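Chain lettering (A, B, C, D and E) follows the sequence in which the chains are written, and residue indices restart at 1 in each chain.
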Amino acid sequence: MQLVLQIIANGLLIGGLYALLAVGLTLIFGVLRVVNFAHAEFMMLGMYGAYWLWALYGLDPYLSVFLVTPVIFLLGVAVDRLIVRRSIGKPDVTVVFATLGLSIFLQNAALTLWRADIRSVSTFATGSVFVVGGVRLSVAMTVSFAVALLFALALWIFLTRTMYGKGIQAVAQNRRAAALMGIDVKRAYMITYSVAVAAAGAMGVLVAPIFTIFPRVGQTQIVTIFVIVVLGGLGSVPGAVIAALLVGIIRSGAGFLFGTAWGELAYFAVFLLVLIVRPQGLFGRRGAEVYGG
Amino acid sequence: MIALHEASITVEEGETVTVLGANAAGKTTLLNGISGLVPLRHGTILFNGESIENLPAHERVARGLIQVPEGRLVFPFMSVEDNLRLGAFTPRARVHLKSSLERVYDLFPRLPERKAQLAGSLSGGEQQMLALGRGLMALPRLLMLDEPSLGLAPLLVQEVMDRVARIRAEGVTVLIVEQNVNQTLKFADRGYVLENGWVALSGSAAELGASDEVRKAYLGM
Amino acid sequence: MLDVQNVTVDFVGLRAVDHASFTVEQGQIVGLIGPNGAGKTTLFNVVSGMIRPTSGSVLFEGKDLSRLGPADRNRLGIGRTFQVVKPFGGMTVLDNVVVGALTRGQSRSDARETARATLDRLRLGRFENTVARSLPLALRKRLEVARALATGPKLLLLDEIMGGLNPTEVNETLALIQELNSEGLTFLVIEHNMSAIMRIAEKVLVLNQGALLTEGPPAVITRDPQVISVYLGEPIEST
Amino acid sequence: MKIVDSTPISPAAARITAAAVLVLLLLLPLFIRNIYWIDLGVTVLIWASLATAWNISGGFAGGLSLGHAAFFGVGAYTSTLLFLRLGITPWIGIFVGAVLAGLLGALLGVITFRLKGPFFVLATLAFGIVIHIINVNWRGLTRGAAGLLLPFRGGPQNMLFLNLWAYWYLALGLLVLTVGISAAIERSRLGYYLVALREDEDAARSLGVRVVRSKVVAAATSAALAACVGSVYAAFIQYIDPDSTTQFELSVQIALVAIVGGMGTTFGPVLGAAIVIPLGEILRARVGGGAALVVYGLLLMVIVLAAPNGAIAGVRLLVLRFRRLIQSRGATDA
Amino acid sequence: MKVGIRRVMFFALIVAFVITGGHLFAGGAAEPAPAEEVGITTLRVGALFPQTGGMAFGGSNALQGTQIAVDLFNETNPHGITVELFDADAPDPATGTTGVRQLITQQNVDVVMGTFSSAVASATAPAAERLNVLYVETTAWAEGITRNTSNVLRTTISSGSLGAAAADFILTGLAEELGVAEADMRVALVFTDDEFGTSIADAAVGRIDDSPARLVVRESYPAATTSDLSSVLLRIQQERPHAVIHIAQVPDGVLFWRQAQQLGVDMPAVVGVGGGYGQEDFARPLGTNSDGIFNVVPPTSGSINVESLTPEAQNLLSELQSRVEARGWTQGPYTDWGFMGTWVFLNEIVPNAASTSIEDMMAAAANVNVDALDSITGFGFEFAGVDHENSGQNLRAIPVVQQWQDQRLRVTYPRDLAVADFINVPLPPWEERTQPIRQ
């Protein structure tokens, strides 16, 4: 029983980390109809931000997150203006490969600038553990978990309770009509994209003390995040959160039962199955899968 | 009040003006050009004396230049009331949100009954009412209607036209594009006939309705 | 020719078509009218095989279609257009129509001939090499008809092809329908333009909230108080 | 409203150009002595075939696959394993691999034919990863990451040559085959159907186009050809492992080559290989691996944003301009 | 007109076929000219290492070792032999194969040396074999490289011996230190699913299966994409093995330990094999928690007691060190292995070979006898003969067991090579540790 609880706790914690990435990715898709293949690269940049501030100035990641996140936000603004905005409404090939190109670019720019060396960061939280009812929870992961859920909640409230949030939803549902409501559609795109990638960057900072940092670290996450957002229904924020937690638990459970490698296979198989049987995802709206571009 | 050179059109305050023309004559393009959804190749648009052709769409909306687009384009996964609220997105309209909402609910009594329902689940006629109401929420100085009766059952066509006439009666300036030429000419003040992007003919509604050319080309008589 | 029997379509939380039954005879032009959301297009989708009915069946020339998809139904002779036009945007107008002709087993050169002839007939000949996406809406609607005609249908389902046309354009379209009908083509036509329907339809089906409200000759239908109250609003005078 | 006309380049002109290029490629061995260039040439030919294979489902049918490395891998592994375990020559193995991959492609086609846009992309991506995971972990069959070595036994009867030019001709033959099939499909009934399905599936169905059949045939053909390329690759390099056959990055590059050249056209992918592969090689040699990929990523972004129709569109434009120039000359002469 | 063009094209195609067909048959196989002279006066050496891409760092180190060995050999030149070095990049198998062909047919090299990467070597060594050229492997460990080929001399260790050594150490030295009988030993094996991990794991499994001990966990995972090893650790926690063999890269190595601490998974002993466990990047984040973690590797100058080497070997080492420094390079384990392998090949094999043919070289290699104390790496050289299943393998390249002590790797086993005693056997449980895993 203890073991089962521990497996679930592990899954939930890691799922919370995924959630912060997945919420942003799903939001970008929902509003811009762009699958942001470069999403996890912003997490990688966030991790490097945390590393350099820590290595050069001894800044704790829990402080540097307030510096790095705005920088990544600005980077998001630039990327939106230069790349993403130009691909919106274009053929699938543009929409898919523009951000895929960005991902290759950022990954290798990091490789060229900072080499493949593996780096790591520590904070007071590294290695500290709470024990709740015999279940051990890493402090660092619990912090990131809490931030992820708070972010998702804040985003959800923003989208459904504020006028501007509803404006962004309006853009997601019909660009032309939204423009006719006086909504600055380009600005909505920019804000959506930048907020989402800034969240990925923040997540990078927060997990820097948990994972090691190297240029391809984003790649270790991105496919899992895709699985999550499709499972949750592309475009659905609550769906992404629930699916992230679910995937976390499935992975940790399947990994324990079948071994990591075959557990991995199992969950990709589930992913394919969901795509085939219920492409709108578990919580998505029917028809979303045929929106395409 | 408004001018689009090459296809030059003027709408004075308080007027109802209709644009007629065969398909592909450029009527929708004209409205979208005024709204800023499509860029103008050249020409100027003056709105209340201000040149606005270089402004983005949302800033034209902020100045009260409102379009109710062809095909209604309501936000399907949002409630009726949220759709209406979004109509008053601009700061100018937002301060009057409450009174506007009352006015719209008053004008379209079927909408308050369904205010919590998702707009996508409304029938076509109800959606058109919603789209009109949403347009009114923006407190238009000029309301542009693109084919408000398109795809509607005859019963609803009458209802929509009736509402448009009422909106007009409330003093809203209206520019309307409509294939239902007969009905439109009944309440319009003036009209333009567009051919291949050029204004081929213009005059009062009565003149146009009586013109042989118009009758032959557009009224099927 | 077409026999729709007791068709019901349920969407999530919504009955779109409710036990609808009707027939279309060989050589007829039948109108299908009803308020927006009455289920007309859904019924078209059932007949053309785009969606499967929850219950009920569709027979075409006595053959049960329930196991056939849209492609096979088209090959049996059911052609259709779409309310929201669906051209093959990146293809030329000619190639759009060639696709229709090819599925009839014609060779590529024969298919091109058929396509050209069809385009000429619909006065689209001069747009042969035009990229379909760049055609104006009315011509795209006509292209849909051309494409469907190229498949050599016996029954053609037209979904609001006159919406957005001005009266003169409507007249042209009606003339074409009558001409094709005189050559033996059967039509089932969804249209809001009642005066147009009245001029060509032999029979009109009225659909309301998914169920067949009534059917009959146009002259009768337009005076039916039920039809007037749910759909027309006032009687239509024949012109 | 701007009405756009499309003036096609005459098929005869395209055919003559293709034949001229083919003659040139056949005669190339007479002029080149440096092994490096031959190796590069064979690599370009292999990539051209691979991108052409991808293009049949990715370009014509519009299903942007990010899982084609799976089929390439199936081809490479099938012919190699048949040779290693059962002593069956790759000349036969290549067909077995093609059939297997074709079946797999058909299966993928059947399960994904309904998906559009990013959903299709993600499904193929997941499929590719599943095959890769199996490849890495089914070590009893594939030897996992250790890879398989094709021992040099027998020579030509086993598709193993000492003379590199033999691979040149092998790869050239393969390219002629893939391009031939691709061209045949483009001009065939199926080609029309695929493009129609790509443009609007409902409309195509309503015109009698059988969706599943068309898409599955395209997917299977594409997969089978990719597998053939895999077998030839294995014979050429004589060592295969999961990283060089079924990795995700490989799938991306296959699509990239086709896109750069011009997807949805017969010769676009070939042109793409002739551009991308040497460019990658030059970049790698001049500026190093990481920086080369930086440029690669940039190139990908710029191409899809600025010229989503690929290099072949530029060539088309040049040809049309040139022809117009000649025509106007002729007009003034007359 | 049209017909005319078609006919011309057809004719041209036929001509092209005829010409090229003739060319193909006339050309035949590109056999390199056999060496006629008896004894070697000049030797053209091709060096094939990854110099770009993800493996560039280690590959360059190995290449630098080779370069220094060649320079030193040419300067001293006791045998009147001149060595010319040509290098080629090998970031992946396909490019590596091109490199081999180019080196052999364009630069006419007599021998190819490489390769750092096992995956690349698996393709390039057979490519050289096809062209009848000797391949000297100084730095790649995959078992198959010597097993599947007849032209390879490997101066360094093989993965099989690494895995076997790890298992042997656990079953003997470690079991004894833990006070557990061999038959009672429970071993867990966790490895990355790449060539490196699987080949070592296979050898370890073979050895454990032959012993009375039990393998209780056997888990692999993809090194590149793993972000969570908690399920593996929970399995370990459940099975309570006495020793864990973990074959890892750096990121997953660190992750494994961070999560072990977080989950409170106590392991009496953990034995890494090469890779991540041997690098500072691994130990740094672990801090004092790395004290007591074992690692099995071929020894290097950095890990052995240099004092015990012969004076000649010590001189050689300082020569290497000063040259590395002079050129602004950094010395790593691969520099040592690249250097020493090349050095032994040039000094002990080349002068004694009748020609550069594989047979003559192999024959000369059969007589090599270099003692461990004569080598800067701490292992000697003696090559398996042609009848051996691992023909050409350096049989004296035997790994040692190191242990992290105060952030330094020290050889602790076998005892006769040890520079330090065991510490922390068994590892203290997490409750007794004070330092979290950090820097």
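List of remarks:
In the analysis below, contacts are C-beta pairs under 8 Å (C-beta built on N, C-alpha and C of every residue); 3 or more make two chains touch, one makes a residue touch a chain.
These figures come from a predicted structure and were not determined experimentally.
If you take chain A and chain C together, the chains in touch with both are B, D. Using the mean of the Cα atoms as each chain's centre, the chain most removed from chain E is B. Chain B and chain D have Cα centroids lying 51 Å from one another. Computed from the mean C-alpha positions, the centre of chain C lies at a distance of 73 Å from the centre of chain E.
Rounded to whole angstrom, the centroid-to-centroid distance between chain D and chain E, based on C-alpha atoms, equals 36 Å. Multi-chain contact residues, meaning those touching two or more other chains, occur in chain D at positions 1, 133, 136-137, 288, 290, 292.
Each of the following residues of chain C touches two or more other chains: 136. Multi-chain contact residues of chain B (touching two or more other chains): 24. Of all residues in chain D, those touching chain C in their complex are 1-7, 187-189, 192-193, 195-196, 198-200, 202-211.
Every residue of chain B that touches chain A in the complex is listed here, in rising order: 35-37, 56-58, 61-62, 66-69, 73-78, 82, 85-87, 89-90, 93-94, 134, 138.
Residues of chain D that touch chain A in their complex: 62, 64, 111-112, 114-119, 121-123, 125-127, 129-130, 133-134, 136-137, 252, 255-256, 259, 263, 288, 290-294, 296-301, 304-305, 308.
For chain B in complex with chain C, the residues that touch the partner chain are 20-24, 121, 123-125, 147, 150-159, 179, 181, 216-221.
Residue ranges on chain C touching chain B, taken from their complex, read 14, 33-37, 83, 136-139, 160, 163-171, 192, 194, 230-234, 236.
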